[in-house]
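Look at the two complexes coming up: chain A is in both, with chain B in one and chain C in the other.
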Partner chain A sequence: MKRLFLALALFITPLAAQSYPQFIGHGYPSCMNCHYNPMGNGPLTDYGRAVGADGIASGALYPKSWSEEKIASLSGFLFRTPVQRHVRAQANYRGMEMISSVGTPSEKWSWIHMQAGGQLILKFLENDRLTFVGEIGYNPSSNSAKASGQDKRKVRTREHYVGYRINPEIGVYAGLMDKAYGIRIAEHIAYSRILPETTQNDQTHGVMIHGLFNGWEGAIHGFMGNLLQARDLRQVGASTQIERQIFNDHRVGLSLMSSKNDYVRLLSYSTHARLSLSEGSAILIEAGQTERISLGSRGDRIGRYALLQTYTRPIRGLYCLTNIEYLKSDLSNAATTIRWGPGFQFFPVQKLELRTDLYQTRTFNPNASTQDGWTILFQTNVWL
Partner chain B sequence: MIGIPSRLAIFVCFILLPAQAFSAESLSDWIKAFNKNHPVETGKIKKAVNDGSEARENEFSKEYKELLFKIYTGYANKISTAKSIDASLNRDTPLFEFFRKALGKLEYREDEVDATADRIKAHLSQLEERRYRVRWRGFIHYMSWQSQASLKGPFERTSLLTTNLGFCPGIGASLENRFWALSVDLSGLYGSGGVSAIQGLVEYQQSQVPAIGGRFSLGVGKIVSSTGSEVGLRGSALYVRQNLTSPSDPAYTVEQDKTLSFTLSLFSRWRFGHLYLETDFGRTIARPSTIWSIGLGGIL
Partner chain C sequence: MHKNWITAFLICFPLLSHAEGTIQIAVKLTPAGSFVAKSDRLKGDLSRTGAELTSQKLSVALDSFKTGMTLRDEHFCKHLGCETQPKAVLSGLKASGGKGTGSLELNGIKRDISFSYEEKDQAILARFELNSADFKMPHAKYLGVEVNDVVNVEVRLPAPKK
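Right after this comes the complex of A and B.
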């Protein structure tokens, strides 16, 4: 029965490898351990896929006779062990059932295809020092981008870059990538990603230098906006994110980003911490501020945000999390929003992630008292 | 933790030794033989173990070494059958440790001695993990909750919702082992909240209305990491007094919610040595109200 369930799980469900910043709780403080992009996100390395299969996903559904080595050997593309070292392929799907305005007359259920695409990785030289990473797929733009008419593309590339490690400490990466800023959590609706504009479609072309020395890790990223966007919308600027390892297991860091296009200038800065409490327990904290200056019109504002994400792992494969977010979108406005919610993230077998999140949004406003807003998300993430 | 026995502990155990009733008769016989039949060798080995000095292996007969080994394995068998840490185990463990050291000095059947020591160490560690102990805690929580009221006018009734923020300082106790924790918490509550509503031509608004009360909670949690991270469920009784004033128009009155409510919440706790961070998120039973809190605490 177990074998049958496993076979169904492996071959019916679609899937993209994913590792997250909270995996510092498993002793992986650097994203570079598991990702080709040393700042995280994007395709996983062979090692990262094996960790996902062996250390992250539940082992309960595998036959007892299977060793961890055998399970890890299935972590390659299409469950195969790579036979050559230069080419890697990955495919992934992430979809979500979203129930918004829960318990109100305007309650709405909708299935959202968040991402369905493929990645190709070419790697050369000793220790894969030279890498080419490309991704393309069905990646719908956000509702706000669609509403504003800025971006209606459905097929897009969110990542294509070349990376070269000069030595184990320093690497140079050029192409379309996420901006080096803050904690790169998976929730692109997090205030800590919305305010500084580092959400799912905010990648930029540029050059990033990444360094890793004696407990310090960081990147300096110069960028010219997404060249596939209209010229006037491209955010041109630079960012940096630096982390310091403290007390062996934890990391604290700072980020700074400045950019502008024809309409707006953004200055964001934040501080963060990632705390490892062993066996999968972890705490992520980020607090920051974004100054948004409208060029040529009024509407300047300073927004402040904070994030606290906590994780525990009651059993292998299952993570209980609490997501607590603070937002003051305009410091001159009295209203403050706190979004709070528990969630469960479950990896029943390798290459499959199921996640449930409950978001309760409460607004504190001395001039008005409002009902809490509720949203429930059921996510499926599958990678091959 | 059960650590390396002090010389005093070993001495006391040997004084008590003849009076002990051992579950295995043969162990009792071997102990008697150890104390009475080999006074010279026993004196030497006690001195070597207690002083940490060398023991000349050729000064001890094979028969004597085998006797030590039998006593050692006898204690190992006795300890390995213990289901919990009790007075008997606290007596036997230093003696087991003594004979392990004695055999180590004599370099006798080392592989078997080490394997047995590892097995017993694992067993003792397991017993230690299962042992429940009481921990006292002090904490302060930053909490938000909502309370209901209604504005009653001459023709209609309008619901009022007060959104509150406050602090809850308190104390708690946990009965816990490495895997589970039962906890009880008691805290005071002081905060404030605002409310606004419009009914007809009357606009009702109050802000910074003080709220005072207390919270009593019972929780059960699963400890999920060696650092003591915990996730669990908690039931609470929340008592809050908050007086909303009625509008100046005597035709309108404010009817307030009950002062006592019950909540069920999901909590998590992360420890940093003697300090911890805690979050709590729950719903009020039989009322559409949510409560959350984030807190810092210390183990007293």
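Right after this comes the complex of A and C.
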């Protein structure tokens, strides 16, 4: 069990997101204003970059003579204002100092390069209705992948797709993308992302239709698995995520996903809420279940998860967060895991995020005794 | 003579409220999203005669609106024309039975408006819709995100005593 904690802690890391679902607290319930992918994640639009510079990052470190307009004008790639409208680029690096098994003889400090990559965006037609988005970057291997000799690729693409907005309400996107499911929180090994298999390397080729009508927003996503994977491993299926805006500022939603490969069939369903507390503060809640049916062998199980994240913004640039997660990986098993802890997310200037998290993981099991796992993370995220 | 004026003022004072209220303007964005601009610097007079509420002048400084982002505050102020007319002024307000009218001057343009209101918890809460195009404001757009021309305004003022 301790190994499991370590393995989990190793990947408690946000990835490639500078704009997060909790920014509903800034009046942005949809990801679409700030991301090219309307369901979030991936490169930021010009507007998203400006919001990051002026609304999210602290203004305290800028010279007093700089206006907000000047700060926004530096939000483009390499701190420049784009001089043409068709090509955009972005580069990211995210690294983390992880202290695992805190306070025990086996305490370990290690620096992990989580992401180093670049994105290229081509956009055409009025209001950028036609977009091409591509991403390629360094592929960190998990300990288990290293041990098994799998996943030797040092370079990986997690996104490449073409998007076309038929009108402001409806868009069609085709290519390699994250699956439309649940709240796309940054912590890619949150239980709410592990169980339905929507983690950092679970992107899939497919076609997604996205819609936005009168307080409703959602997507239907048909997918055929990641075509760069071996055919027998590809998860083929469909998913949907639908949200309804309530009381002006909040969102509630449902997700459903069904997929299978040669070895396993997955059925996941969840409900979630994103509540704006205004002034940048927010609460995210998700609860769901995944039915995992092994094809050709025994080992069927139903896992259940829940997530509660709170974000409060005492001052511009700083977010204080609490993360509480629940996991029952097999309903027929008595073991239940709770992971929780506080964190701080700080954007001292635009294009720079510093984050620290403390996690305690405890498993409640009447049949076994396990030690609590304590992990501290210090993350640095830079994007240009 | 002075005593008469003082006496009249003292009698009328409870019926007259020197209002300091709040305004919230709900703004919708396209393709998605919204924000609320808030100001607590609404100033003016509000008085009650029988069932009727009247005000000669209510005004708010346009640079007092806060939207949660400094740059958006600046854009909001400029869009409302604060560089040429720093205040929005509502004059000739008359209201009774939950409905009212007045004349709003904004961006150098004067337009009659109508609103609905309710009295609750010792406050007057008025709501109305404004179309920025009526006040000759250009359609607002910033880096691909557009602002809907029609906004919802909510005004809260202390209720004058009955």
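Quick note on the criterion: the second predicted complex is superposed on the first by the 355 of 384 C-alpha atoms of A that agree within 3 Å, B and C clash if a C-alpha of one lies under 4 Å from a C-alpha of the other, contacts with A are read in each partner's own complex, and residues count from 1 in each chain.
Throughout what follows, a residue touches a chain if its C-beta (ideal position, glycine included) is under 8 Å from a C-beta of that chain, and two chains touch if they have at least 3 such contacts.
These numbers were taken from a predicted model, which means no experiment stands behind them.
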item: First (chain B), second (chain C), both or neither touched by A:N248; value: second
item: Which superposed partner A:P342 touches (first chain B, second chain C, both, neither); value: first
item: Which superposed partner A:R362 touches (first chain B, second chain C, both, neither); value: first
item: Contacts of A:E279 with chain B and chain C, given as first, second, both or neither; value: both
item: First, second, both or neither for A:A306, with chain B first and chain C second; value: neither
item: Touched partner set for A:N127, first chain B, second chain C, both or neither; value: second
item: Which of chain B and chain C A:E68 touches, first, second, both or neither; value: second
item: Which of chain B and chain C A:T45 touches, first, second, both or neither; value: second
item: Touched partner set for A:S30, first chain B, second chain C, both or neither; value: second
item: Shared chain A contacts, counted only where both chain B and chain C touch the same residue; value: 278-280
item: Residues on chain B engaged by chain A in the complex (per definition of touch); value: 144, 146, 160-163, 165, 194-197, 205, 207-208, 222, 224-227, 229-231, 266, 268, 270-272, 277, 279, 281, 288, 290, 292, 294
item: Residues of chain A defined as touching chain C within the complex; value: 26-30, 32-33, 45-47, 50-51, 54-55, 59, 67-69, 71-72, 127-128, 168, 212, 217, 248-249, 278-280
item: Contacting residues of chain C [partner chain A, same complex]; value: 26, 29-36, 68-72, 74, 142-145
item: Chain A residues within the chain B interface of the complex; value: 103, 275, 277-281, 283, 308, 310, 312-314, 320, 322, 324, 338, 340-342, 360, 362-372
